[in-house]
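Just below sit the structures, each encoded as structure tokens.
Presented sequentially are two complexes of chain A, the first with chain B as partner and the second with chain C.
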Partner chain A sequence: MVGIKDLGVGIGWRSEIDLTVERLPGVDFVEVVAENLHIGHLPESVTLLLERGVPVLPHAVSLSLGGADPVDLHRVEHLGAVAEAVGAPMVSDHVCFVRAGGLDSGHLMPVPRTRDALDVLVANVELAQANLPVPLALENVAALLEWPDGELSEGQFLAELVERTDCWLLVDVANLYANARNIGTDPERFLDEIPLERLAYVHVAGGEQHGDIYHDTHAHAVLPEVLEVLDELCSRVAPPGVLLERDDNYPSDTEIASELAAIRAVVDKHRG
Partner chain B sequence: MSQSSAPHRATWSAEEIGFLSGGPGRAAEAVLARLLDGGLVRISREGLVTAVHQNGYGASSPLEAYVLAGLRGAARPINQVVQVAMASHEMGALHASLVQRGMVQRQWGRPRGGKIALRVLLFLLAFVSVFVAFAIDTRLFLVTALLVFLAVLLRKPGRLTRNGKTVWLHALRNPRSSADSVALFGLRRGKQRMNTATSTSYIASSSCSSYDWSHHNCGGSSSCSGSSCNSSSSCGSSSSCSSSGSSCSSSSCSSSSSSCGSSSS
Partner chain C sequence: MAEIVNENELLVARERLAAQQAELLKALLANGPAPAGFDEQRLGVERRALLSKRRGIVRMLGPAVADELGDRFRPLFDAYAVENPRRAGSRAREDAAAFAEWCRARGELPEKRKARWKFWQSN
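Presenting the complex of A and B:
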């Protein structure tokens, strides 16, 4: 993936904070939710960022690549068209399913970590890759449950997915932290198991604890513990990019800038 | 802000000046401008207004608090924010307060339809009477004059009292902030004048140079007359697929639709 080796620090572009994203210092790249963009009618703000040379990476949320239903190629084609419209070097979605039996879950559902489920995922990813003009990266999700009879750890599951499909990884350290809190995932083991040389970039986000459950809300401040996971990752590999996701309860520009600065500080610490 | 013999020497808020300048719609726009100045709301390029998350602090008036409360957890088009604020109890209280202090008339709004129709009829009759006077008897010009006089008598009375006009004129000559500019000229024209205003934090003026406020419909806002808004709106739904939530996704997002309510991580 020549050309995106060093994305830097970025933020998820959302229409509500378009002006903020445009004027924030130190935004090296942005990510857009592909399903929110219309080909031929890109938001003015996105066009402006592109004109400034800011890379715009489409991030999909609806391919449902982990599902048993056939992949909806219209969605894949739309994702590819968005990538071409913004000149993106890559696109991404999640290791999850969002539809089954004609029903939409409205959530990113974790896939069972069985070999059968991996076979389905691999087939779907390969089909998507064959219909995309650019490489595909896949993101680990935050799960509130684990399916029974798992045969692989999450890290092993992703490692095998990468090996079989040659896809890239988008590691969400906030999801990793959430899984550590909620279902006992060991972040260090996860990072040991995944092929970090296939790391495309990293997501960071905030959340909050509700009772016994940590919710990766993207509507609260990034916890220091999440930055510690990022720190752990950065101690092993220099991530090509790190992106802050904020999707609701948008704080002031100053607070967003502070979160970006905190992320940059972690990244820079390991770059010497 | 008690009324004094020199009412312009009192400190009038942007929303009060807005009300004096253009009624409830302009006051609502001034509230939005003040909230922008204070960093309490954002307005996107597409005209979506969102509250800046700070646990409800920062409002300096009941009307501002009302607008902020309406934005809790939701992005709303400017025109919707303005219209909802216009119809609010808090706006009524602002009007009542200005009436009580002798700044505006008790009635605020357009004259009734019947009155307008009567004035039109009188002017038409006066017009016709000119021809009749020329054709029959020039003394009939007295009838023309009488009809015009009656039509003028029925004209819309001024909404501001003398004190209100004094305050408004003083504000016009001494704008203090970008919010005052919006209060005086509306969002569209106020924006253009803000480059010379004291505040530099006004998003629309400092960073949104290409944003066209005129795309946003203020509907029946009294401030829509003239400068602030016209009737085309591009403000639609604020919903979109977002990336939030641990396990939320966008299953309902289709590749052909931009309005979907799910999220991802």
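Presenting the complex of A and C:
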């Protein structure tokens, strides 16, 4: 795909670390949370990055494409408008549902891996795609619980989603690690099953182990085990980009820089 | 290649999925009964994780309220949250404002004082 190749190593732009993102060396691209941006009032820091030629990719968290409710086209339109405002080659959201039964979970909830859920997801994704100006990538989420009666593995579920909608995949290796710890997903099997030629880019994030549960907090350091999953992915395919997500409890510039360097080291190891 | 799903089948699938997802969110957010087939302990983990995330957002958006409540913030917020699950389409700021209002109504926070005109503010 034109425009998405060789994004390099990036970080999620957040207003709390705007200056950090601007001054860190080796930030090849950034992501912005689409819901937090207002068209016509882009943050100065984002404008500055755009002027420098840093690609800015809108990432959405509220489309609820795995939800049973019809897609809220206002949210899709906003995402598309953000993409146009920042000249993005691609946008993304998650394979999840956020709202159901009139309630809002405030989070990215896993969908049941059933034929019903897949059919609904495919229909929702197709409608979103038809209303977006650029291609859509969808991300695997971290689950704390497992739905009963799953008919497909997570990898099979995503593979079929790609086959039926021609969407791209945003693989979050921290979420994959979380699911391995929490619901028994096999990361190698997952990577075997998904169409890696449709990989848009990769997310890496930190988290914390509490008893027998791994929490994908985006507020702690990236675990070496998560970088091992990235290493496993890179042994199969050269990812077009890898992006660090940090959403809370922001560390010093030095710590963020060293996490980006650790990510780059894994990617470069496989480039020879 | 992918099967073509007809509109009726899709509608039925939507209805089944809607019921499953609504039941799960009701259990997690509004003290609803545990849906069949889920691990009860994990439902508890998820319930606490969602509550903690929501509490953290309300604390961030209304630090003055959290400070004023001190140690009472957490138990009060948790009681408020289960009585008032977030409605689809609502905003986090509305949640923070509704929590402060809920506290005032229960006498946990003083009544809102009338804003005094300050010469350095335009309104």
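Criterion: the second predicted complex is superposed on the first by the 272 of 272 C-alpha atoms of A that agree within 3 Å, B and C clash if a C-alpha of one lies under 4 Å from a C-alpha of the other, contacts with A are read in each partner's own complex, and residues count from 1 in each chain.
Here, a contact is a pair of C-beta atoms (placed from the backbone, for glycine too) under 8 Å apart; a residue touches a chain by one contact, two chains touch by 3 or more.
Predicted model only: the values in this text are computed from it and were never measured.
Q: If we overlay the two complexes on their shared chain A, which of chain B and chain C does A:D69 touch? Say first, second, both or neither.
A: Once the two structures are laid over each other on A, A:D69 reaches chain C alone.
Q: In the overlay, answer first, second, both or neither for which of chain B and chain C A:S105 touches.
A: After superposing on A, A:S105 lies in contact with both chain B and chain C.
Q: So, A:V266: does it touch chain B (first), chain C (second), both, or neither?
A: In the superposed model, A:V266 contacts neither chain B nor chain C.
Q: Decide which partner touches more residues of chain A, taking chain B and chain C as the two options.
A: Between chain B and chain C, the winner on chain A residue contacts is B.
Q: Could you tell me if A:D119 is touching chain B, chain C, both of them or neither one (first, second, both, neither)?
A: second
Q: Answer with first, second, both or neither: which of chain B and chain C does A:E160 touch in the superposed model?
A: Second partner only, chain C.
Q: Should A:A205 be classified as contacting the first partner (chain B), the second (chain C), both, or neither?
A: Touch partner of A:A205: chain B, not chain C.
Q: Name the contact category of A:V222: first (chain B only), second (chain C only), both, or neither.
A: In the superposition, A:V222 touches no partner, neither chain B nor chain C.
Q: Please work out whether A:I17 is in contact with chain B alone, chain C alone, both, or neither, and reply first, second, both or neither.
A: first
Q: Which partner chains sit in contact with A:L144 here, chain B, chain C, both or neither? Use first/second/both/neither.
A: A:L144: touches chain B and chain C.
Q: If I apply the document's touch criterion, which positions on chain A are contacted by chain B in one structure and by chain C in the other?
A: The overlap between the chain B and chain C interfaces on chain A comprises residues 99, 104-107, 109, 144, 215, 248.
Q: Which chain A residues qualify as touching chain B in the complex?
A: 12, 14-20, 22-23, 31, 33, 35-38, 43-45, 59, 61-62, 64, 72, 74-75, 77-79, 94, 96, 98-99, 104-110, 139, 141-144, 172, 174-175, 178, 203, 205, 207, 214-219, 245, 247-253
Q: Contact residues on chain A for chain C in the complex?
A: 67-69, 97, 99-107, 109, 111-112, 114-117, 119-120, 122-123, 144-149, 160, 163-164, 213, 215, 248
Q: Which residues of chain B touch chain A in the complex?
A: 39, 42-46, 48, 50, 52-54, 73, 75, 203, 207-208, 210, 238, 240-258, 260-265
Q: Sort out for me which residues of chain C touch chain A in the complex.
A: 1-2, 5, 9-10, 13-18, 20-26, 28-30, 36-39, 42-43, 45-46, 49-50, 53-54, 56-57, 85-90, 92
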